[in-house]
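In this document, chain identifiers A, B, C, D, E and F correspond to the written order of the chains, with residue numbering beginning at 1 in each.
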Amino acid sequence: MAVVVTETKRTELALVDALGEFGVATIHEAQGRTGLLASRLRPIYRPVRVAGNALTCEVAPGDNWSIHVAVEQAKPGDLLVVTPTSPCDDGYFGELLATSLRAHGVRGLIIDAGVRDVAELTAMNFPVWSKTISARGTVKETPANVQTPIVCAGAYVRPGDVIVADDDGVVVVRREDAQRVLDASRAREDNEATKRELLSSGALGLDIYAMRDKLVQRGLTYVTDSHE
Amino acid sequence: MAVVVTETKRTELALVDALGEFGVATIHEAQGRTGLLASRLRPIYRPVRVAGNALTCEVAPGDNWSIHVAVEQAKPGDLLVVTPTSPCDDGYFGELLATSLRAHGVRGLIIDAGVRDVAELTAMNFPVWSKTISARGTVKETPANVQTPIVCAGAYVRPGDVIVADDDGVVVVRREDAQRVLDASRAREDNEATKRELLSSGALGLDIYAMRDKLVQRGLTYVTDSHE
Amino acid sequence: MAVVVTETKRTELALVDALGEFGVATIHEAQGRTGLLASRLRPIYRPVRVAGNALTCEVAPGDNWSIHVAVEQAKPGDLLVVTPTSPCDDGYFGELLATSLRAHGVRGLIIDAGVRDVAELTAMNFPVWSKTISARGTVKETPANVQTPIVCAGAYVRPGDVIVADDDGVVVVRREDAQRVLDASRAREDNEATKRELLSSGALGLDIYAMRDKLVQRGLTYVTDSHE
Amino acid sequence: MAVVVTETKRTELALVDALGEFGVATIHEAQGRTGLLASRLRPIYRPVRVAGNALTCEVAPGDNWSIHVAVEQAKPGDLLVVTPTSPCDDGYFGELLATSLRAHGVRGLIIDAGVRDVAELTAMNFPVWSKTISARGTVKETPANVQTPIVCAGAYVRPGDVIVADDDGVVVVRREDAQRVLDASRAREDNEATKRELLSSGALGLDIYAMRDKLVQRGLTYVTDSHE
Amino acid sequence: MAVVVTETKRTELALVDALGEFGVATIHEAQGRTGLLASRLRPIYRPVRVAGNALTCEVAPGDNWSIHVAVEQAKPGDLLVVTPTSPCDDGYFGELLATSLRAHGVRGLIIDAGVRDVAELTAMNFPVWSKTISARGTVKETPANVQTPIVCAGAYVRPGDVIVADDDGVVVVRREDAQRVLDASRAREDNEATKRELLSSGALGLDIYAMRDKLVQRGLTYVTDSHE
Amino acid sequence: MAVVVTETKRTELALVDALGEFGVATIHEAQGRTGLLASRLRPIYRPVRVAGNALTCEVAPGDNWSIHVAVEQAKPGDLLVVTPTSPCDDGYFGELLATSLRAHGVRGLIIDAGVRDVAELTAMNFPVWSKTISARGTVKETPANVQTPIVCAGAYVRPGDVIVADDDGVVVVRREDAQRVLDASRAREDNEATKRELLSSGALGLDIYAMRDKLVQRGLTYVTDSHE
């Protein structure tokens, strides 16, 4: 009962790459604090940053068969996004699959499960965000869906949505929002440059952001330590 | 109903810095196995060690407003200690706040919650111990207490207590105990130097610490493997 | 009521070292997907790999006394494997014990609990896989068993079984299976070299492993995205 | 930037109630092993079963304001489904909100966070599935989306999808699949009645399901214990 | 180095009992959302409610010796509050200790660790809030502090502070705040009675609390589902 | 490569039933504080107690096929003990399998994974200790070992070892130790009856167990509260 959807839409790579110049935190803010995958997904090495088109893939617990199916659907610029149909920490992915994905232009892996061969993946410079690291391999008995919409680490991800991942985590940008989020990210970063300069010179956020009145309204009071 | 306490006492920086020459494990032992913050607080990069006066700060869940309030209370040599009023893994703190804190002489951050911009914080060499890493930002709607006594990661911390943090974790030393703990740490480290030499030459702890009799009294017996 | 078993069997070091040339994932597969310790055990630094004879040791919660007892039983080529009799995250082990173990030829530590002095252990290049890092030390009040069969992180480990550990985790190979698993590991690695070459040239696992028919039998179907 | 969507579609209540006659496990199987919310959601009392139209609601961390907004959108037969925008264990919901929801015909609550007043909710017979129980209340500072598609406990839920919940957990059935899943659930339950009778008379699943050949093909062998 | 503090202050029992008429959630709100112990502490049976003077006790990991020491310090109306010096899930407490405590007028137990004999404790109607249930017993080798201020499940508790516990969790009220919190709890409960009546008749919180304007100011907008 | 071992030894049922008259905590103490399964295994209803011969069974992640194989190996008085080969929370077991097991005289289930149909299992009075409750079913693709020694929830269990389980958890008694542990359990319970009487009359454990001298030797001191 598993399905592979072919010829799915993707986001234009120029747009993907432009988004990839911003950090995950910036993009998350720029699109209204949405789209983050759960913070249990961590990179296997740091520092790292990558952006790509989501190539989505479900896997049965302890079974990585559909990742092999997904490779055939890959296009250059994709980022493989894998979610197990029930929680599983096995090592679904290692150096051989990374070699295969790289040969098809895939830029990295996001997986809400375990990976292995992390020394080799690090040496290959193949970026991976995973829930855990485990040497425990998987079988190939039960196929699962490829290139369907999935929930990965608590986020809804469709094939061809943009994924950006860095040291801080992973965020998904909906295909149709990519241009708007790119613009908002640029605006946000410009604004931060000004703030950074002020703050590094010792100015207080309380003043820069004009917070003092609102703090008093919300009940903040100052008292002097009586040193009792 | 939030309060900022001003003019709180601090520990003399010479004393703080002298404590900072010892590791967290040594200090913890030297003060009678007390004062450790929970081990879920981990440094964002290693190796690292820092000591400072606790600048304490509560934050509402998903709301980092009071950190901005805390910056104004900072003095050189402080270490910001942040605890959420209910458990939260959001990324309360990033590169802009670190820039601001550094401009006021703050040496680092201890937070029982999440942080973001960890690539930038690492590049800045700004030490942070946190419960997690998360790109998810926070709002500024609810102020909370600054420079009051807090419970952070299971430890009771007062403004101006000494915090020492390294690869092993974070420990708090009460202001009034700082000199005594410093002396005990020195004594402990001197004692360890002797032990280290003996052990590296192959002497057994069983003999160095004269443990054999007590082990027998507590019921230890030796049997030979029968290789059945 | 604690027991130390002396003169336990060990695996020949030539065999241990030969197994140590393979990764944990390979060995795990080669022996039929068995023998892995739980993935909560993680190395304190990476990359790292070590193999040795299991020197087994139980410890009471918050009490590392029996590790001192274990040192006397050590032989060159051993790897200390420690399990608490009830779950505990304290820092049972630090630089002094590592110095002592190294003086007796022990190659590293596997512990389903916490360790401390991780900066020093890293500087010493002493490999450790632990459940956590904690500065919290332990007492010496209650002895526990040394060189008896134990369950460590969910795996059954007997003295003299072979332990291999690397970035991916820790695996135990039963003494009597060591030669067979070594042969199977070699065969597996030879086979992977061929696969790696094919995959890096763009061949699909679907074809290399002849998976297409079986996938159809198991219900996989392909549909084209309607772009609704 | 929060949105309330009004006049959303719902599933016909006759269909909802018919689905509510089946257990969550049966429905999950009947719709191809999809749609389960994470098993961390547990009922506050047992036994219990309820079905309803999803009334979806996001909440900010530590802030239950949008639940008040959601009440106005309720229709008889709804089941409130609440997800925090970042993980939070606070007690978002208690007896007063349950009183209000009940007055508008809402049948219960699914929440990936904490609740409180569980003694009162139990006495009221108001069914709740939550991630935890916590007396910690919330503020009303930040509105969030109501009646938009959400991800709750790892499942994608749209307003008007059918939710069924019982002692085993919570499942979502897509509005457009409700009739098909109802039919499949009926078929499954009829089939199980026959099996139950056979099994209770001592027949083996190995024979009833004709598993023996397939087990041999997959490598199962029988050996006699040598009682060594 | 363990200390027992004798003749510690207690809160007048009339005040303790008056506070015990309110739920934990009410008291928590009434004292400004402070004083809750972490929600990992759960009652071993429900429904249940108790209030008492904190009789504080630390325990070493896997060692319940100081609970025996604490019994001698008990006075009628006390509630024993136990915290391990490092996290531990062992079963520190069972039916014999409950029998002893009850003989001295102690009303129940709060423990951030495990308990056992829960069937017997339930049959005795002896209320216990614990982190877990475990049959694993403890030793008596290391004494720890009794009747000193402690941190238990993240809250700072001093001997003679008031503890109230029910199905929702556990809260501590500082001795000097007890009367003020009692008054505030009464006021809160009176206010809730009015609200309950309005809400049960179908009035909306949006109107009762006059939230509509503030929601618009904070950016809430209403849109109609386009049923695309 | 899965194996079923037939004709394994069992412990005499008279001995099993005699052990079943004692609680898990008592047996655990009586056999020297060993043999407990991890406390994450909890009964689906309480109160409950059962004893039986271990019928051991491994399962692949998300795959309950070997439970069907195990049923054929069952004998009256057995207790099924199931462990997944990698951690998994799926609902491996429900009412149909319980019906089948009961028809063959099996007394209950211990499983380090999830179960479902808990309302039905409770109504049937079929005792189950599990790691979690989950409606998520499993497939039947990969057989695993039946009646081999296993590690379940951290304990080593062999076919025919005695399992006792109650509200406090689960303990395994080795077949060859069963008579000795039975005798020790009886002795322990007799001793406790005397203690219970003394304690309920107000005698202190400090005196009954003659602890005072040892406490002083270990450094316990008494101080009077200065009420500063």
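Throughout what follows, a residue touches a chain if its C-beta (ideal position, glycine included) is under 8 Å from a C-beta of that chain, and two chains touch if they have at least 3 such contacts.
Computed from a predicted model, the values in this text were never measured in an experiment.
The chains that touch both chain A and chain B are C, D.
Within the contact network of the assembly, the step distance from chain C to chain D comes to 2.
Comparing each option in A-F, A-C or B-E with A-B by residue number, the pair that reproduces over half of the contacts is A-C.
If you average the Cα atoms of chain C and of chain F, the two centres end up 28 Å apart.
In terms of their C-alpha centroids, the spacing between chain D and chain F amounts to 30 Å. With each centre defined as the average position of its C-alpha atoms, the distance from chain C to chain E rounds to 42 Å. Residue positions 1, 33, 85, 87, 89, 134, 136, 141-142 of chain F each touch two or more of the other chains. Chain-to-chain contact here is organised irregularly, matching neither a line nor a ring nor a star, and falling short of all pairs touching.
All chain pairs that count as touching, in label order, are A-B, A-C, A-D, A-F, B-C, B-D, B-E, C-E, C-F, D-E, D-F, E-F. Contact residues on chain A toward chain D in their complex (touch as defined above): 1, 32-34, 38, 85, 87, 149, 151, 154-156.
Only residues 60-63, 85-90, 134, 136, 139, 141-142 of chain F touch chain A when the two sit together in their complex. The part of chain F that touches chain D in the complex is made up of residues 1-9, 65, 68-69, 71-72, 89, 91, 94-97, 99-100, 102-104, 114, 116-119, 122, 132-137, 140-143, 147, 159. Chain B contributes residues 23-25, 28-29, 33, 36, 39, 42, 46-47, 49, 166-169, 171, 192, 195-196, 199-202, 204-206, 209, 211, 215, 218-225, 227 to its touches with chain C in the complex.
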